[in-house]
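Several structures are given next for inspection.
Each of the two complexes below includes subunit A, the first together with subunit B, the second together with subunit C.
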Partner chain A sequence: MSVVTVQLGQCGNQVGQQLLHSLLCDAQEGQRKELCTASRERFFHQDTHGELVARAVLIDMEPKVINQSISRAARSGMWRYGETSHFSQKQGSGNNWANGFCVHGPAHREVVEELVRREVERCDRLSGLLAMMSVAGGTGSGVGTYVTQCLRDVYPKSFILNHLTWPYGTGEVIVQNYNSVLTLAHLYQLSDAILVHENDTVHQICSQLLNIKHISFADVNSVIAHQLGSVLQPALTADSQGAYSRNPLGELVSALCCHPEFKLLSVSSIPQVPLASMAYSSFSWPSLLKHLRQMLISNTKMEEGIDWQVRPLAAAERSRNLTAGSFNTSLANVLILRGKDVYSTETAGFEDPALYSSWLSPQEAFSVWKSPVPFNKYEKSATLVSNSQALLRPLDSMVGGAWNMFASRAYIHQYTKFGISEEDFLDSFSSLEQVISSYKELR
Partner chain B sequence: MTQSVVVQVGQCGNQVGCRFWDLALREHAHVNKKGLYDEALSSFFRNVDSSKCDGEAHFVGGRIQHLKARAVLVDMEEGVVNEILQGPLREMFDSTQLLTDVSGSGNNWAVGHMTYGSAYREQIVDKLRKAAEHCDCLQCFFLIHSMGGGTGSGLGTKVLSLLEEEFPEVCRIVTSIYPSAEDDVVTSPYNSILAMRELTEHADCVLPVENQSLVDIVKKIKHMSHSGKPGTVIRRESAIISGQGGLIGAEKPFDAMNNIVANLLLNITSSARFEGSLNMDLNEIAMNLVPFPGLHYLVPSLTPLYTLADVSVPSRRLDQMFSDAFSKEHQLIRADPKHSLYLACALMVRGNVQVSDLRRNIERLKPSLPFVSWNQEGWKTGLCSVPPVGHSHSLLALANNTCVKTTFMELRERFTKLYRKKAHLHHYLHVEGMEQSHFSEALSSLSSLIEEYQQLDATKGRLMPDAPRLRIAR
Partner chain C sequence: MQRSAAAVSVEVKQVIAALCRLLAATGLECVPAPEHFRRAKFGGGPAVEDQFWQVLANIQQKCGFVSCEPRSQLGGATELRRLVAAGLWQTGYHADWMYERGGGEGGEGGRFSSKDLLLALGWLLATGTLEKLLTQRVEQLDKTLILTPSPVNHRLPTELPLDSASVRRLQWLVGSLRHQGRTLLSMQEERTCLLHAVSVASLPSSVSPSSSDQSSTLLRKDCVCLQQLCDLLEAYLNWRQVEKVFWTWMDSVVDGHLTDPVHKKPTIAPNGRAARCHHGNCGLEKLDDMLLRQPTTQQGQGTVREAPEGRGEGGLLQGRSDSCLPPLSCPPRLPCCPLAYRLQTERPVRHSSPPADGDRGGTPTAGELSASQAVELLLQTEALLLERRGRQRLANRTQLQEMIGRLDELVLIPP
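What follows is the complex of A and B.
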């Protein structure tokens, strides 16, 4: 079953192109016919000349980035985007969510829906839609939210997964907190699951784990593509009965998002090492899983600087202790293992009830997906997709920053002139405070 | 890709504009090796079949035939515009883009704004419309003028209000040259204050530039290049004051200063014209830097001012460039933003700079820069891959900072000195349509603006408590 990717705005188009590229490069490596077929079917279709064409739609309000992504794909010689699968305008959204959501979105609704419809119809069976965007700017956030709303209307029964890139804490865009708050509040009603990467975290991975001296956005995007790729590349799940899962988005959503109040998913991958050191590194599953588990509990996104002191509290302690210190409680987790000896891995550590809230039994809260095929040159790799308190702090500081600015009504005139009122802001703030409160109370 | 139209009004506006077109051609010639009319060129230039105005316009992708500037030139005397039309840039403008008269405005804002404003209203709107019609997607009007004279100040601000009326959707970015204290035009304070009110009401963004700062920068560069110290020979064409490599040969007196302003305009539009890993469009500038409608005065600073010719001397470190952008000497108005309060700041970087360099420098400089409490992370950043001619990288900083208040207060003082004595007032009041109330209203508009900045300043250094968050009923 196929996934149609909708790339929105500069970030969405840059990351999307790298994601598709790394999925294909990995699928075509070596002798892995089944995986290759499954992966290609999922993300690409073949045109009359046998060329692979991405099941993707590129949308932006200005043309530069789309042109770059299309030519990068074509240069690879392995795949390309559909000739007419993109839509752009001349003038961007000016970092203004209201401009994206109230003006550009509605103005181009029909064209965009048509582009997506064409891709969807090309699929034998649609597994779901992956919308990729950032939350800081105007197009990815504003137009992206509007497009998600349209997709929800047109495909009410399909799974919609939004991949969001959260900006650096110390600004890329001054009004990024406003744009983020408006996006998240709206997406919460529309999306089935919201998978988040934070630029700050990925940047740290680049500098501390990958030892990159001068980090560019290409480096950041490549890490995101790797992590997201390791989730979306076909794998064997409990449901798929010995074959590659045909319902990746559905399984992800049903495993992780059992409650409408809890949709924020974070991703951690291990190992992450520079390509140059891979030949000299060897990994053992017990070590990888032990680190990954501690990364989950202590809410660190890298295997360096893990706080080994953080431990899950026993049930009795938890009800007494309202703030469980730095311990990260999970609602649900999906662990994806790829590579050598996957079938002999010991994952019981992730089934410890102490890791989870009391609503679900650990068997319900925890799932494992496996693939005997190594991913992206890592002999063994493990990725954890987590619905937990991991994003609580960045979310809280995003809402806090936006609220402080709102209290002075700074920049509000820029939004109201496009049709967003102070009421709309207040509604978004309340929705997110609700989400924050729910995650805080998770135990 | 969007287009912008430059509207240059008055002697100063046209001289700066002329430098802008010369340097723009130089920049594009440097980058555009194939002679194709590309998107970047189309943002400021049209490509037509013959040098006549009714030549068939070419679409992007073809060879360059004849480039025509997307500009409207307005002056109430003919001297400056005629000079342009006799110089090497004459092919770039055709008669439909020009509006001139003979007698000038006599350094009188009222004559420029009221008399010529109403007399030429139709023609101005007509020429603006024509320029706009030639654009596929018009994003921005750049108005260049001075504040101290009569035409640039008076007619220029009239044009500004016409732009708002006729093209409300299009962004208006105004580059205003403010007179120095030693300005030889006696009535420049009157003209400036009367113009200020128009800027506050009708512009989206104003880039104030003080003549004195330009003079100081020119002195500094000349001093550097003549100091004769080893390792201090600068590459001539790289200096921000240099017009070398452009079409116009001999340098004229104000050229060095005007080149600085021209470079400012080139840098501000670089990300809209060329590609980069983090694009910053023109409409994003107003969005991010203007938190409240009236407070749209953005202090520009440009670095580096030049590159060293001697390649054995290590090139100025990247970090030094960032530090310089916040130093007093690089600001284009005489103010010290570091000691006032930042409301927002934009950094537009060009050249071989990565996001990690940008982040590192922001982290480094942040502690010494006071930001308003609700915008502690108030940075807007842009990365454009194409550097300016003669440099490997450059930085333009635009700061919405309360230090402009000092400039405005000085201006107000000079105004009051004259106004108290009613000096020269009759020249203005004799003009049809001009009344004393214009003066008092302009003064009070400026005073409220200053007051707004004062109030924000008062919050500086004080620890403002976070606003109490919404509470959720459980």
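What follows is the complex of A and C.
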């Protein structure tokens, strides 16, 4: 059962390449035949020479990044991309969502659909499609949204998970908030789940936890790939009956995103330490899970600076105290444990009803996936994928920023000239306001 | 349009053969041969009758019209026939022989014949029994079919919780079900692919019996089932294409049955009601009631028409006359009145398209009246009504005169 990765735009192509690389490196380490087979089947297929070829499609409007990704994969000597499974053009989308969505996307629809169809037909069973992109630029966000829409049309019964990279709050692109709002509002209707990594958070992890002095995109991407990989690498789930789960996207979506108003997922991992100090560190499951739980409820994205004062409120208190402050209520969580002694690990701390909304019991809202195989050189590691209020604040500021610009009609003509009207903007604003209010009222 | 009789009969025979194949494919054990159908049409004798008794019993047992298995409690042919009659009655079929002792066995002097059984079979086919049998068989054979579970009658609480939390919870559960459905679909797709791969791999090299293990036995069983399923569906398709011919032929059986000289008017059923279809005939029943009421209203109108003699007090007059004249409240009921109109209402049905296309109420149950009999009856009724009208008129007049007599100052010259 396989996942077809669709890498869109500069960011999507870089993160995608890094993800596939770290998944394969991890799977091939040591004697892990079972996991290795499952992981390979999930993300790669073998060509006639026995070489591993990624089940991936690369799409960008500029050739540069695609060429880089392809050659980097080939240089690894472990795997490569399919020779014809990429598509690029000479001219980018100019950081304009409308240009990608209204012009580039429709112009190349047939080619892209054909590329994806070929990869899908190569799978014995399609677990789902993983579309990776950023929301700030033009190609990843605009073309990415358009391609997701096409995929939804062509594969109405397949799971589609969008992995989004959110831009730095300080700004990479002047119209990034416009692009983000338009992307998110559209994807909310199309995708089954939207897994988000914020550049700001990942940057902090690089600087504070991994002690990287000059942080490059490669560093950021490898942190994202590590977190995402620990979610997507095969694990034993409640439904998989003692074998590695064959339906990763389906199970993830079914565990976290059954409600159409709540589709935003955030990821946090523990531990994350520099490679050099790994040999001197030792971790215990209770301490790791205690930290991870506090990270969840206090909405801290990394191990450092956890606010230990935040406590879950009892149901009665919650209803009285409507402005519950900094407590992060979850709708649903998936905890993924990898490494030594996973089977004897106690996860009761995450089954506390006070962590969840009143209308979903912890049994329905919480699931654990386990794998006795360590991930990415960490003897023990825990990753939490959470559908919670964690992304409320950045989303709110994103929509707020876009609204402020929209109020003064700044740069709107750049969008209207490609066919995105002010009404389209207003629709997107209102649908995201609905999302924000749904998450705000989650208790 | 005009075809030679021989060609038609050959075609009919083929069509009946298609029906027989279909019936056999649905898993019925004793299906009469096509030839038996023809012989049944012309009153084929005990051997043919027996065939039809068996097949009727078999159908009813498969469809669950009769709860107990006739054969296990077979107290002889009579018991079987009674059960068949009871089963037919439950499906809404009516015929005279069903009410006779022994379900027509050794019927009184040739009143019952294999034609009746043929008609009963036609009724069952026309009312959807064939489709029921087909569905049952397909469910048996097709193991991949996801059976729609019989709707569970969940008792919803009278006051549904409609607060936002419950609604959200429901939305979550619906989403969860949708995801499960998708996962199941993709599993089914994968299984289909694998099955295809297995069948392709096993086709060229015929597996030797020595190497056949359990899985290949299972596969072979599946194969047999699939083959049967294909045969069944093919038989059904063939039948659907030629069905019309069969129903036309059935029409001729019905016509023959109606014009049969030995056929008698239906007797009254044991419960005292006029024998007719037990259910599925609401329209006819309504019409029956309406027509039964008809004479009453006519008489009512008649009374009003008489009233102009005392225009202002017509209402009063009418009320009084109703109360003082008892015979008016019970209209003269003709013994065969319902049958007389049934003669009219059923005629068009009989020559319409086959029942499978629409109206399936074409039961050959109606009693018949010859035109001369009907005229006679109507004349009698008319005479009776006229006589009553005369009496009524007289009574009204007397009453009017009495009233006028009470009004002292007024002198009226009676008309």
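Quick note on the criterion: the second predicted complex is superposed on the first by the 443 of 443 C-alpha atoms of A that agree within 3 Å, B and C clash if a C-alpha of one lies under 4 Å from a C-alpha of the other, contacts with A are read in each partner's own complex, and residues count from 1 in each chain.
Everything that follows uses one rule, which is that a contact is a pair of C-beta atoms (placed from the backbone, for glycine too) under 8 Å apart; a residue touches a chain by one contact, two chains touch by 3 or more.
Values in this document were obtained by computation on a predicted structure and should not be read as measured data.
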* To do: Quick one: on subunit A, after the overlay, do subunit B and subunit C clash, or do they fit? Just give me the call.
  => fit
* **Dominant contact partner of subunit A by residue count, subunit C or subunit B** => B
* Look at A:Ser358 in the shared chain and tell me whether it touches subunit B only, subunit C only, both, or neither; answer first, second, both or neither. => second
* Asked: So, A:Ser158: does it touch subunit B (first), subunit C (second), both, or neither?
  -> second
* First, second, both or neither for A:Ser277, with subunit B first and subunit C second -> neither
* To do: Scan A:Cys257 for contacts with subunit B and subunit C and give back first, second, both or neither.
  => second
* To do: Mind working out whether A:Gln46 is in touch with subunit B, subunit C, both or neither, as first, second, both or neither?
  => neither
* Asked: First (subunit B), second (subunit C), both or neither: which does A:Leu126 touch?
  -> second
* Gap in Å between nearest CA atoms once subunit C and subunit B share a frame through chain A -> 10
* **Footprint overlap on subunit A, comparing subunit B with subunit C** => none
* What residues on subunit B touch subunit A, complex-wise? -> 1-2, 136-137, 139, 275, 277-279, 281, 283-284, 286-293, 344, 354-357, 359, 362-363, 366, 373-381, 466-467, 469-472, 474
* **Parts of subunit C lying in touch with subunit A, wherever the complex brings them together** => 165-166, 168-169, 171-176, 178-180, 182-183, 185-187, 189-190, 193-194
* **subunit A to subunit C touching residues, read off their complex** => 1, 124-127, 157-159, 192, 247, 250, 253-254, 257-261, 357-360, 364
* **subunit B contact footprint on subunit A (complex, rising order)** => 10, 62-65, 68, 89-92, 94-96, 138, 168-175, 203, 207, 212-218, 220, 399-401, 403-411, 413-414, 426, 429-430, 433-434, 437, 441
